[in-house]
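Got a structure for you, written out below as structure tokens; questions coming shortly.
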Amino acid sequence: MNAIHQTLTALSAGEISVEEALLKIRKEPLESIGYANIDSHRAARQGVPEVVYGANKTKEQLLGILRAMMAAGQEVILATHIDPEVGAFVAERLPMRYDPASRLGVIGECPAPDGLGTVLVVTAGTADIPVAEEAATTAEYLGNRVKRIYDLGVSTPQALARHLEDVLSASVIIAIAGMEGALACVLAGYADCPIIAVPTSIGYGASFGGLAALLSMLTSCSSGVSVVNIDNGFGAAYQASMINHMRKRD
Amino acid sequence: MNAIHQTLTALSAGEISVEEALLKIRKEPLESIGYANIDSHRAARQGVPEVVYGANKTKEQLLGILRAMMAAGQEVILATHIDPEVGAFVAERLPMRYDPASRLGVIGECPAPDGLGTVLVVTAGTADIPVAEEAATTAEYLGNRVKRIYDLGVSTPQALARHLEDVLSASVIIAIAGMEGALACVLAGYADCPIIAVPTSIGYGASFGGLAALLSMLTSCSSGVSVVNIDNGFGAAYQASMINHMRKRD
Amino acid sequence: MNAIHQTLTALSAGEISVEEALLKIRKEPLESIGYANIDSHRAARQGVPEVVYGANKTKEQLLGILRAMMAAGQEVILATHIDPEVGAFVAERLPMRYDPASRLGVIGECPAPDGLGTVLVVTAGTADIPVAEEAATTAEYLGNRVKRIYDLGVSTPQALARHLEDVLSASVIIAIAGMEGALACVLAGYADCPIIAVPTSIGYGASFGGLAALLSMLTSCSSGVSVVNIDNGFGAAYQASMINHMRKRD
Amino acid sequence: MNAIHQTLTALSAGEISVEEALLKIRKEPLESIGYANIDSHRAARQGVPEVVYGANKTKEQLLGILRAMMAAGQEVILATHIDPEVGAFVAERLPMRYDPASRLGVIGECPAPDGLGTVLVVTAGTADIPVAEEAATTAEYLGNRVKRIYDLGVSTPQALARHLEDVLSASVIIAIAGMEGALACVLAGYADCPIIAVPTSIGYGASFGGLAALLSMLTSCSSGVSVVNIDNGFGAAYQASMINHMRKRD
Amino acid sequence: MNAIHQTLTALSAGEISVEEALLKIRKEPLESIGYANIDSHRAARQGVPEVVYGANKTKEQLLGILRAMMAAGQEVILATHIDPEVGAFVAERLPMRYDPASRLGVIGECPAPDGLGTVLVVTAGTADIPVAEEAATTAEYLGNRVKRIYDLGVSTPQALARHLEDVLSASVIIAIAGMEGALACVLAGYADCPIIAVPTSIGYGASFGGLAALLSMLTSCSSGVSVVNIDNGFGAAYQASMINHMRKRD
Amino acid sequence: MNAIHQTLTALSAGEISVEEALLKIRKEPLESIGYANIDSHRAARQGVPEVVYGANKTKEQLLGILRAMMAAGQEVILATHIDPEVGAFVAERLPMRYDPASRLGVIGECPAPDGLGTVLVVTAGTADIPVAEEAATTAEYLGNRVKRIYDLGVSTPQALARHLEDVLSASVIIAIAGMEGALACVLAGYADCPIIAVPTSIGYGASFGGLAALLSMLTSCSSGVSVVNIDNGFGAAYQASMINHMRKRD
Amino acid sequence: MNAIHQTLTALSAGEISVEEALLKIRKEPLESIGYANIDSHRAARQGVPEVVYGANKTKEQLLGILRAMMAAGQEVILATHIDPEVGAFVAERLPMRYDPASRLGVIGECPAPDGLGTVLVVTAGTADIPVAEEAATTAEYLGNRVKRIYDLGVSTPQALARHLEDVLSASVIIAIAGMEGALACVLAGYADCPIIAVPTSIGYGASFGGLAALLSMLTSCSSGVSVVNIDNGFGAAYQASMINHMRKRD
Amino acid sequence: MNAIHQTLTALSAGEISVEEALLKIRKEPLESIGYANIDSHRAARQGVPEVVYGANKTKEQLLGILRAMMAAGQEVILATHIDPEVGAFVAERLPMRYDPASRLGVIGECPAPDGLGTVLVVTAGTADIPVAEEAATTAEYLGNRVKRIYDLGVSTPQALARHLEDVLSASVIIAIAGMEGALACVLAGYADCPIIAVPTSIGYGASFGGLAALLSMLTSCSSGVSVVNIDNGFGAAYQASMINHMRKRD
């Protein structure tokens, strides 16, 4: 029985006046008034990971947060953007597996996939793999079957042809590319599922830290493509998982 | 029976040699070889609209394209980005309904919605409505139930509270905002469905033609948001419809 | 007696159960729960203007909004960013005074100033005057004594010297300048009050639509300066008025 | 009795001629002519800090400046933007307390707050805390009561609700956020006091070193917000303190 | 016999002294000294067009220039970037054929193609056609066989397949595309000839007047692509013609 | 005898006290204290023009300003950036000669040149001529002998060779170019006098309104070049005239 | 005999049905269907190098790739963008010559030049040499005679004159320059062959990492120039080699 | 007697034919033909420094260049942009004095000043001093009397007043400032000599590496200001010296 329920009960019992009840209700935080379901999509069902954004946190801060979450009974935790030094520090003290390439740390077992289909993670080049691993691992820990196609290239049409079946059967595609970012546009010519494009900061010169790929992906002539921030593998996987877990609402 | 099937039949019947068959197959366009399903997501089922991008087309060009599509039996056609003059010209000659605000022209009847739930189209201000109408009408013609919430604002928290139920029950949200584009970020704090954010060119000064909203939406601290091009209501609706029609793939 | 008060009274009277009360409260919009004071700074005391943002509204829309506000008893209304055509249309139908230069429309009488001191509106050049008038009139209608110094220049030190007393005695200064925007920096060397800097889009070439002035004002080496959007005279006046009406809070 | 007073006295006493007086006056620096009050807002009352900008100064330079100020009787000194190495060097030689996170060094006792109310320093994330500490400590040393709310987030509406009372009762709010910078916009929907927004360089990809937050804050649809330079916690606190010490001027 | 030859002859004949000869030579313009072949690639062989850049020239200026060239015996003249009004003015007074779409004016007969092969002009969309016509007509008048493929698209792989033979047999390809400019990258995956990419200003929002296509084309992952200025169909054709007329040099 | 002189005389005469003198002096504007020579470089000697910046001034404003200056005895006046409509309006009412191309208006006779040598105004193309005329006429009215070389080009080395003597003998060169702005760099390879470079907004595509020329000129590898704002012919001429009138100072 | 040939033979022999043949063909990768000539320009004739892009590859990855290529019989291999550490690692284990300045690694013998003429590699300064060496070595290994002119400068016209013969007789010119990038424009005034311009990131301040040179080269007033990415010596050489190997196609 | 003189003498003597003379002359580099005075401004009179740009040169390269120049009899040499490591290396082997702050190395004695007056080098802050020292030392070695005013500030009007006499009597002013760059604008309000403005990369946040100061200085409302590249102290001094050595030309 939460705070507002107590207040109403006390009012109903005549223990407090209407004015006192009104005052109490005004002082309650929103969630106690019944908006708790607002956050329900983040609520921790058993086996579903809680996500911690690890960047710009000291190693002590991250350790503390993870310990608190584990103490609160959270069985699966995903922490992103962890610097190697911080990752090593935490991995020595907690049962966290840390991958320096994708800068992800995971605690607990990866859940069984329960989505509508497969999330296909494709990169244009090998240098995009760390962002792709951030996306792929995140998607797996959010309950998706994931298939990786790395270094597909767009300058070699044969490569695409070789993977056409995967592209055609995917539930959602995460297209990850730096440089000119044409991968998303090219895939969209074949696929019939939503594509989340992730520009990466890979490249030099006029790629301007991912700007070329970002603008290219945003202005893609192909329908069915939306874009997340440069290098944001996590964000792409988060939305891809939402899409792959769509269900009847009406 | 398509061209390659004929070739193989002829080879099987001994009418042509292996070399002749090989030569014929090499000369065939890709689709005749069996990749026709590549384009299956655009194939015209009865009642599903074909989409024409109307910008930078002369009125004669657009009229010709639409006439050809109608002659080919296409019953529902959606044409986007039509300038008013072109729209009026076509509307006088074809049974196309044209809306100058959203610059959309539609031919045929809007199909009954058959998606998983409701596509919620939200704008931050009244000036964003033309982009929103492009999105909403597109979504409707792609078979989605659409609910519009216009001029919600983010500076008036009460307004959001008033529409909380719609936000919480939506299947996909299209969040349309110019200026600082905070709408997507704020909605993502409440919603548990994918949000497609559409920055608009509405604003002045440091909005730099939508750049402020675009960057803001891309770097949103909230998960579950992806972004399309500035003012691209059509693109947002196209992907929203894909998401709202997700189905079991595995 | 608002909705929640009615609900609590009914509960207190035993007319509804605790569960029914809880359900009703959850469904109420936020303001009825007691957060109405959130918006109190916009609440209409007699004589204090309500502000309407007029840009991108049709003339019919603006007329309708203003009529509704007048019907609701609002005596003083300020409408900003009204295009001349829209302004003329409305001014013919309502007792609104419209100034094409500042694009402001005002209905009702300007309130007597009740602030801590004088809001000083300074421009670097004559071309900045429309933005300055938007600021000055807004500040007046928000209850401030306003003094205007236009075309002060920064390349003529004598001009500044001539107005030093005004600068030294102001309560808040709104410094409006295009081109290189040095006005804010120069004034801050003399003034001992907060300065709200407004970059304007006046200029050509490397002023890039106000970008030069904006960056210059943001990186000003002088303390006590904050900045609003390019050409945003209204926003500067709004905050200046807040500052000029500061009161003991503790 | 300053230089010009002496000159006039000598002229009055017939000790020098009018021409000699004129010559002397012309050679005097401005302040001796009576413009000393120009700088009065920086004048050192006992207990009010003098501020030194420490960036790009060598450790010897900073040490020398601080020693000179202490020798001149300045009891409270605030030095900003001190690199850790320089800070450690000075802290070994002077009674300066140095905080590496905010890069602030303070000498002397913090004055008792004497402002109109509380300066509320809010950050969107934990990574913004160093900028916030620069702001908060500066505000405290300028005589303000300061309340800190760190890592409020805007993607978790409950968090804001939990701090609503602080937001509603603040005298001035310093809103510090990187990434998309929506914090200022969201707070402005609730607060009725001036908000100084500080974009931070926290973020990656399309945040472009704070540009996304800067543009977002400048184009905020909410009134009552002004902006300072990226990461400029000191500047925000300086103006916030000015606002919190407003007094009757007319 | 040019000026320097005369000078040397006079010196040889003893008519002038060494010093006089030296002085005369110093005063001669460069071309008379023997550097005339510097400009040989622009020298007018019969039938080869001279090119006039028509932008920002008044109609009287352009008319005068063309008349002077015709009077000088130039039989084929190509004038680019002519505004319609100027084009109409000149076309009434000279035998110039003017095409408003490509803004090209041509005088004289198009020469027979004498290049190594075919210059293939490809556009991604129909809106790119004016730039393509500028390129194609320029190439024709510079003596190239030209083949046009307009509105190829990159989102429809079949379209490319249909034109594969043209792509594979071209001598040089001019790839013209706005929006995300992926056309150049995609073509480079198939072609084995040089590709000159022309970004166009076609697009909206984040295409930023052709910037997206420009950056995308510059950072293309495919080899064999170089880029000219946005909308510069003439420049692409000029270099393509040079390439198509390569000859043994060693 | 100016105000401060009067004050000191009165004090010397015992008519006022030291305190009264001090008060009077404090209230005087700076120039009366003896800083009048600060502005001496703008002081109007007979025949030297006063300059009025005409942009963003209404025709009535400009007419009024010019009338006031003429009434004050100013014989030569130069007004820049006058829109054609304003120029025509003023030219009908005052003896002002107005040139629509350069947007300059001049009143009075051009003074005889009295500088050290010739100011050479060079443009890369014909489209740069309006900016060049603004520069050339300004320089003439500031007392300089001016030589114009228009449409020199940098792609035709012979053209430069033809004008080498002018380049080598100039006192100051104003180099005006749009597009890639290489003119300044090329001239600096030959000239041995200061070069003021003026980027122009002439160009298209990646010239981005003069940005390409501006950056190119700023980063020129040649010494002796400085740059003014895009299209700022007046500013270049003003500084060129200062340089051409240098005199012994020590 | 490749896969599709086998399928057709089996069909012809009655071993499989038409339907089975169709199914098999659909599943084959594109190249087996006969599009193998698509990639013919990369096919390894004896002595022609295969190119590996070495950036962002680990030393183990690069070693593995090169070993696989050598095992496959590739006699000449060119690897670009290899970091020194990776280069040293590989050079110890394979017969690869590594040049830290150009970051190129080469395996096998450089082929004899077989192009139409000489590829001239010119740099504006000495700092551009690493990019030039990447270009020059690449061109040599692609079968071109290469001549290097380094540190030509554009501010010293004599230097250009000294190399005029090389410029006039080149088959293709690769013009490499940072800062203001005027080299390409200046060379184009003399040369009558295609120029591939390479902007470099050399410079400081307003060169913005090569942006100034890039924009300058793109907007060059000279015809015959196209541009590749900043610092992309390899790409320039690749296209230059294509041009230098042009052959009769019709 | 140079090469062309010899050729003409031989022709005059009948030793060679006119055709042989013509051929020889064509082959001579430009300077031998009599254009040597083109470079006269760089010609080394005794005591005038030759300038070497030291950036991106290896220590061996710089040592070699300097040794060659000394061997050629150059008595005074100025080398700019030398990295500390390179500077130390050279200073151990040659009599070069190296200053790590300004990165300048000087060989030989500074010449006596012979200009028209004093070059005043002013900085806004202490952090701008390295750029200022590069400018000041360069100016001294080019024969100018230099006066330095460092850390003048623009937010303290008294500071400017204190140095007014220097400002008013300078021959040329080099105004060096980062952040908002208002120094140039403010000085131009007082000075009556040319001002060369040097934006510096000092600053943070919205100064964007000097962009804010650059744009501000370019758009300065004050006449008489021109601008050089960010941090280009050398370039400013070079042109300032040219201006300070102006002489009668006509």
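Think of it as A, B, C, D, E, F, G and H in the order they're written, each chain with its own count starting at 1.
Criterion: contacts are C-beta pairs under 8 Å (C-beta built on N, C-alpha and C of every residue); 3 or more make two chains touch, one makes a residue touch a chain.
Just so we're clear, the structure is a prediction, and the values are computed from it rather than from any experiment.
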- Message: Please tell me whether B-E or C-H has the greater number of C-beta pairs in contact.
- Response: C-H
- Item | Copies subunit C and subunit D touch via same or different residues, half shared test | same
- Item | Label of the chain whose CA centroid is most distant from the centroid of subunit G | C
- Rounded Å distance between subunit A and subunit G, as computed from the means of their C-alpha atoms: 39
- Go ahead and note the Å separation of the Cα centroids belonging to subunit A and subunit E. 50
- Task: Quick one: report the Å distance separating subunit C from subunit G, using the average Cα coordinate of each chain.
- Result: 59
- Query: Could you state the distance in Å from the CA-based centre of subunit F to that of subunit H?
  - Reply: 25
- Note the residues in subunit B that touch 2 or more other chains, in rising order. 35, 38, 125, 156-157, 189-190, 205-208, 214, 218-219, 223, 229-230
- Message: Under the stated touch criterion, can you name all the chain pairs that qualify?
- Response: A-B, A-C, A-D, A-E, A-G, B-C, B-D, B-E, B-G, C-D, C-F, C-H, D-F, D-H, E-F, E-G, E-H, F-G, F-H, G-H
- Spell out the residues on subunit F that touch subunit D in their complex, using ranges where they run on. 4-5, 8-9, 11-12, 14, 17-18, 21-22, 25-26, 33-35
- Within their complex, state which residues of subunit F touch subunit E. 125-127, 156-158, 161-162, 165, 202, 204-208
- Query: Which part of subunit B faces subunit D closely enough to touch in the complex?
  - Reply: 124-125, 153-157, 179-182, 185-186, 188-190, 203, 205-208, 211-223
- Note on the structure: subunit B contacts subunit E in the complex at 29-31, 35, 38-39, 55-57, 61, 199, 201, 209-210, 214, 229-232
- Message: Going by the contact rule set out above, which residues of subunit G touch subunit E in the complex?
- Response: 35, 37-38, 40-41, 51, 115-118, 145, 164, 168-171, 189-194, 196, 214, 218-219, 223-230, 234-236, 238-239, 242-244, 246-250
